[in-house]
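Presented below are the structures under discussion, each in the form of structure tokens.
Next come two complexes, and both contain chain A; in the first it sits with chain B, in the second with chain C.
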Partner chain A sequence: MADVTAMVQAGARAGAGEGWRAALARKSEAVVLPVGALLAGLAIFGFFLMTQGKSPAEFYGLVYKAGFGSWFSWQNTLSRAAPLLFAALCVALPARLGLVVIGGEGAIVLGGVAAGALGVVLSGASSWVGLPLMALAAALVGGLWIGTVGALRHYRGVNETIASLLMSYIAIALMNHIVEGPLRDPASLNKPSTAPLPDALRVGNIPGAELHWGLPVGILCCILSWALIDRTTWGFAARIAGGNVRAAQVQGLPVGRLILGFTALGGAFAGLAGFFETSAVLGSANASLAAGYGFTGILIAFLARHNPLAIIPVACLLAGFEASSGLIQRRMDLPDATVLVLQGFVFVAILLSDALYGRFKIFTPERWRT
Partner chain B sequence: MDNDIGLWAIPIAILGGAIRVSTPFLFVSLGEVLTERSGRINLGLEGTLVFGAMSGYAVACLTGSAWAGVAVAALAGAVFGLVHGLICSLPKVNDIAIGIAMMLLGMGLAFYFGKPFIQPVAPDLPSIPFGGWSGLPQLEAALNVNVLFLIGAALSVFFWWMLRSTRIGLILRVVGDSTDAARAMGLRPAIIRTLATGAGGAMAGVGGAYLSLYYPGSWNEGISSGQGLMAVALVIFARWNPIACFFAALLFGGAGALGPALQSVGVSSGYYLFYAAPYVLTLGVMIAISSPSRAMTGAPGELSLTK
Partner chain C sequence: MSTSSLSRRHFLMGTALAGSAAFLGLPRMARAEALDKLTVGFIYVGPKDDYGYNQAHAEGAAALKSIPGVTVVEEENVPETIDVQKTMESMINFDGATLLFPTSFGYFDPHILEMAAKYPDVRFEHAGGMWQADKHPTNVGSYFGYIGMGQYLNGVVAGHMTKTKKIGFVAAKPIPQVLLNVNSFLLGARSVDPTITCQVIFTGEWSLAVKEAEATNALCDAGCDVITCHVDSPKVVIETAAGRGAYVCGYHANQSSLAPDKYLTGAEWNWSKVYTDMITATMAGEPIPNFVRGGLAEGFIKMSPLGPAVTPEAKADFEAKQAEILKGGFAVIKGPLKDNKGNVIAAEGEAFVETDVKLESMDYLVEGVLGSTS
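And now, the complex of A and B:
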């Protein structure tokens, strides 16, 4: 109810012509607190490094150098950001309805398998026919997978967090079964894979960069998702339902269709991530599809406070940390799990900051006069 | 002695597997029963389980004592649980999201500190042979029961009695069913929930130590694949009743043993699909027992999971 009340109040304030200063204060709370929490998380991780006898300054210096220091490192970072954008959308869209879906990894994996399997069937097709069909198949499979989570939630009341994670384990088992069984390319000895995709069915790079088309498509999907949530009646209805389901039902909003639609759309985005991984990066579907993008996507969505536009910079930032992982391991003699520890601390810090909303007078105009 | 027992090998392997595989489920779910009865959910137990596995193995390696490993795993688990509980005591913090964050943090820290312990060999936890009378090697192997399984079975009866007939059990139940009623009785729900989450974490840590110190019996980064999370679903299935948790854990353990049991008699096709059996079972159970309209019987009133 709090969210609905807040929205109505916000509308009333806008009608009453609230000053720009108050509006600015409200907006800045939504930026300052997450950024502050991110910095706090990085600082806690810095202390952790110091307890390990390592220098935080060296660590963050290397992250800057390997992730953001040159055009070369930016290309590396951005190509890692592409699947993260989709994975984060798979968390953020259902989250606007109040659902915590954490099984995007499953939709990524199955989307990648669908694209790889269809590519085998379409091996003679041209790029203009084959690639859209593969993308569509991946989105469809991903959408069905996460849409099922939404359906189970709505029709059976099954907790979506647990169901989605269980389904991602099932998806990974299915993927292993398919690439090692029915669709295995006999030539893939060390790493069981589907048959390699012909060149016509490989997504290429953007001209002039070592960067595949997944990044611009991902950014476009973020912008479209933002427009859907912030600029359409569907998005408005979803935000109301996310604030209070009962109030939305009393208003006659189609809560069931919203849940199915938003979870399926999120799953379709995650499926697209799988399509790009198979077609642009791996060249065939195999176990490398389960690279943990779905889990990093959860953190990105929470850091972006489920705002699709904010996902873009946050995904780039976290992709930069992952891109620098190799250099950090070599230079500082730290294990590869270091980035995981960093992500854990940042995640806890961002959730802790939820307790601070409305606490600072500077951000809450209601308290200015008192 | 003719040891060819044909297809009987499958049920025997599943029985033995159920006992072996169920122990981590049992400990995590018993701990989560305490936590959820107090009205809080800890989804981070997957991370606690993995950290318990790492810390237990590391300490057992360094001290040469498996029980020292179990003790340290319990301690580490309690710390994770207490941190989770303290964070959740703050206003406006979402306990499900915190669980996910603690899961990632626990796994990250376990992998970070566990790197040097992937190679060394730690002492195993002792087990008691109950199958000597049969003369069948398969049955003897199946009935070689680990001490922690017996402790877990005893604890499930103890927790059931504690929740039903003791002052501590009553306090937990009141806090879990109604924050207001608990306050009216002069209890402090935040502190009690934090302690219950700490106790739940300690149990999950022991479950993790079992993984690395007995079955499968070594530390690696893939040691747990969702057992901690499945145990949370198992608690719902068991209706927050510790004794039902024991049987549910055996059932889940049996499902987990299906893949290895079939493999042991030479079934190799569809191998990965049998490994997915526990997840499919968990999901099926959740679909069967959930309902969109009514609250689940036996559910603590303050639990965010079922609201």
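And now, the complex of A and C:
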């Protein structure tokens, strides 16, 4: 109940026309704290590097060079970010309802298989017919998969975290069965795959860049998700249910439908990631779909504090870390796990920073009220 | 090859005439003449120290570091997604690599093919792929070794050492390369005693330690007393099997240090020889053939030294059969032979020697293998 009251009060204050300084103070807390935590995480990791006899300056210099220092680096980073945007949405949307869904990997994999399978059936169709249908199929399968997690939660009281994780293993096993069995292209000898998609059913690159259309679509999905959560009554109801499910029920909000809708929507986005992997990158569905994007997505969603707009920069940041992993291995002779350790430090720092909200007077609107 | 290097030379002359400013931004032109410097990039799908597939390649790469003028850059744990494309580009752009060895099978299509089209002056050498002149670019090559022969020799030793007449195989996926190894292992053992059976368990993944341990335990429970495997990292299988008291035969690399008493022998890649030859040729300005294959005789694969448990009879038989293979023309798959569903694989007098490309599309388990490909 407390959350609802706070939210209503906050709304009332905003409506009452608080001064711009107060509004700025309130908003900047949500930016300054995570950024501060990020910098703290990077700094602590720097000390860790020094204990290993490596130079933090060289390390961050290489991260910049390989992740953000040139157009090639940006393309590298952004092409890695594309699937992560969708994967993070699959975590962030249910999280607004207080659900921790960590099995987006399953929806990505099955979405990719659905797109690949439909592509085989549709070979000969034009891009304008085939690609939307494939995307739709992928979103549908992903939505059903994660929607099932929501349904299990709502109707049977099954813990959604465990259910989604275990279901992702089932999804991967199912994918292996499908691409190694019924839908295997006999020509794919040592790498079992579905039949290669015809060129018309391959998603191309954005003109002038080596980035496929998954990136702009992913960004669009983040913006739409933000609008859904922040600008619609559905989103408002979801936030209330996420704050206090009993209060939401007492108020007569359709909690069941919200849970099903938000989990299914998250799953549909993850399914789209699979569609783009199959159609833009791999050219057929195979085991490479299970590349761990779903799990990196969890990290991104938590770092973005489940804010769909914040997912965009956070996904780029983590993609940039991953893009630099290679150069770090090659130039500094550090193992591949280095970037994982860095991600771990940043993750812990940002989680700890959650405890700091409201602790700094400078961010309280009251202080700045005129 | 010859026509393309000719056109490259023309291109070089053209750019030189037009002024070299534009040339500076381009990757270094491919080897028409001897080189004094070469940067080679190696990409692995797993960790470099996995006691298996990736370690075998990394040991090969390490052998190159002593060649003057050669710089080796490496990256491990690169997934078979857009990641590997970007890793290749990063090695080309940041390190100036002109010869790349993306070593995982799954890197080939579409990743290597796309990068090869984009960087026609960089050479891409791929392990295990089926390069075809009519389908694939000329700056791509594929190389592989007939390691099934090594599993056959593993089987010969296993056939002598097994008491239960049951041997076991932990396999990743039912694909041709793996099936050939399973079949060769059993046929090696059956060359000693035709009543031996081999149980195979597929884990479904190239690297999944938990399932590999479960599969190994299941094989031990079923009475298998010599176990080998084909997964990316044999470490778990070797340690688990040896812990259960079974003998083990290695794969990919030498795992004898993991089970000194129980390790019989192992089928190892000998990439250091293959890579050294390829790099030496490149440095001398000679092209690498696009399709390279070799076996025991060519030094592409080798056997681990026999372990202390191996009996003198087993040793004698192993050495005799190894000598026979080294002569060339040896066939593991030869008639009369049926698969384990009763279909005839090879009629009386029919034989598939190791170089037969038909073996690279194998889809059956031979009679005596307990297990199913699907």
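Going forward, the second predicted complex is superposed on the first by the 359 of 370 C-alpha atoms of A that agree within 3 Å, B and C clash if a C-alpha of one lies under 4 Å from a C-alpha of the other, contacts with A are read in each partner's own complex, and residues count from 1 in each chain.
Heads up, the rule we're going with is that a contact is a pair of C-beta atoms (placed from the backbone, for glycine too) under 8 Å apart; a residue touches a chain by one contact, two chains touch by 3 or more.
What you are looking at is a predicted structure, and each value in this text was computed from that prediction instead of being measured.
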Would you sort A:Leu189 into first (chain B), second (chain C), both or neither based on which partner it touches? second
Between chain B (first) and chain C (second), which does A:Gly283 come into contact with in this model arrangement: first, second, both, or neither? second
Just to be sure I read the superposition right, which of the two partners does A:Ala173 touch: chain B = first, chain C = second, or both, or neither? both
For A:Pro335, select first, second, both or neither according to whether it touches chain B, chain C, the two together, or no partner. both
Which of the two partners, first being chain B and second being chain C, lies in contact with A:Phe345: first, second, both, or neither? first
Tell me the contact category for A:Ala241 with respect to chain B and chain C: first, second, both or neither. neither
Kindly classify A:Leu253 by the partners it touches after superposition: chain B alone (first), chain C alone (second), both, or neither? neither
Which chain, chain B or chain C, is in touch with more residues of chain A? B
So, A:Gly181: does it touch chain B (first), chain C (second), both, or neither? both
Which chain A residues come up in both lists, the one for chain B and the one for chain C? 173, 176, 180-181, 335-336
In the complex, chain A residues that touch chain C: 65-66, 72, 76, 79-80, 173, 176, 180-181, 189-192, 277, 281-283, 286-288, 291-292, 322-323, 325-327, 329-330, 335-336
Counting only contacts in the complex, chain B reaches chain A at residues 43, 87, 90-94, 96-98, 100-102, 104-112, 115, 221, 225-226, 229-230, 232-233, 236, 269-273, 275-276, 279-280, 282-283, 286-287, 290-293, 305-306
Across the complex, what residues on chain A touch chain B? 100, 102, 152, 154-159, 161-163, 165-167, 169-170, 173-174, 176-177, 180-181, 295, 298-299, 302, 335-338, 340-345, 347-348, 351-352, 354-355, 357
Residue numbers on chain C that touch chain A, as the complex places them: 47, 73-83, 86-87, 89-91, 93-95, 105-106, 108-110, 128, 130, 173-177, 204-205, 360-361, 374
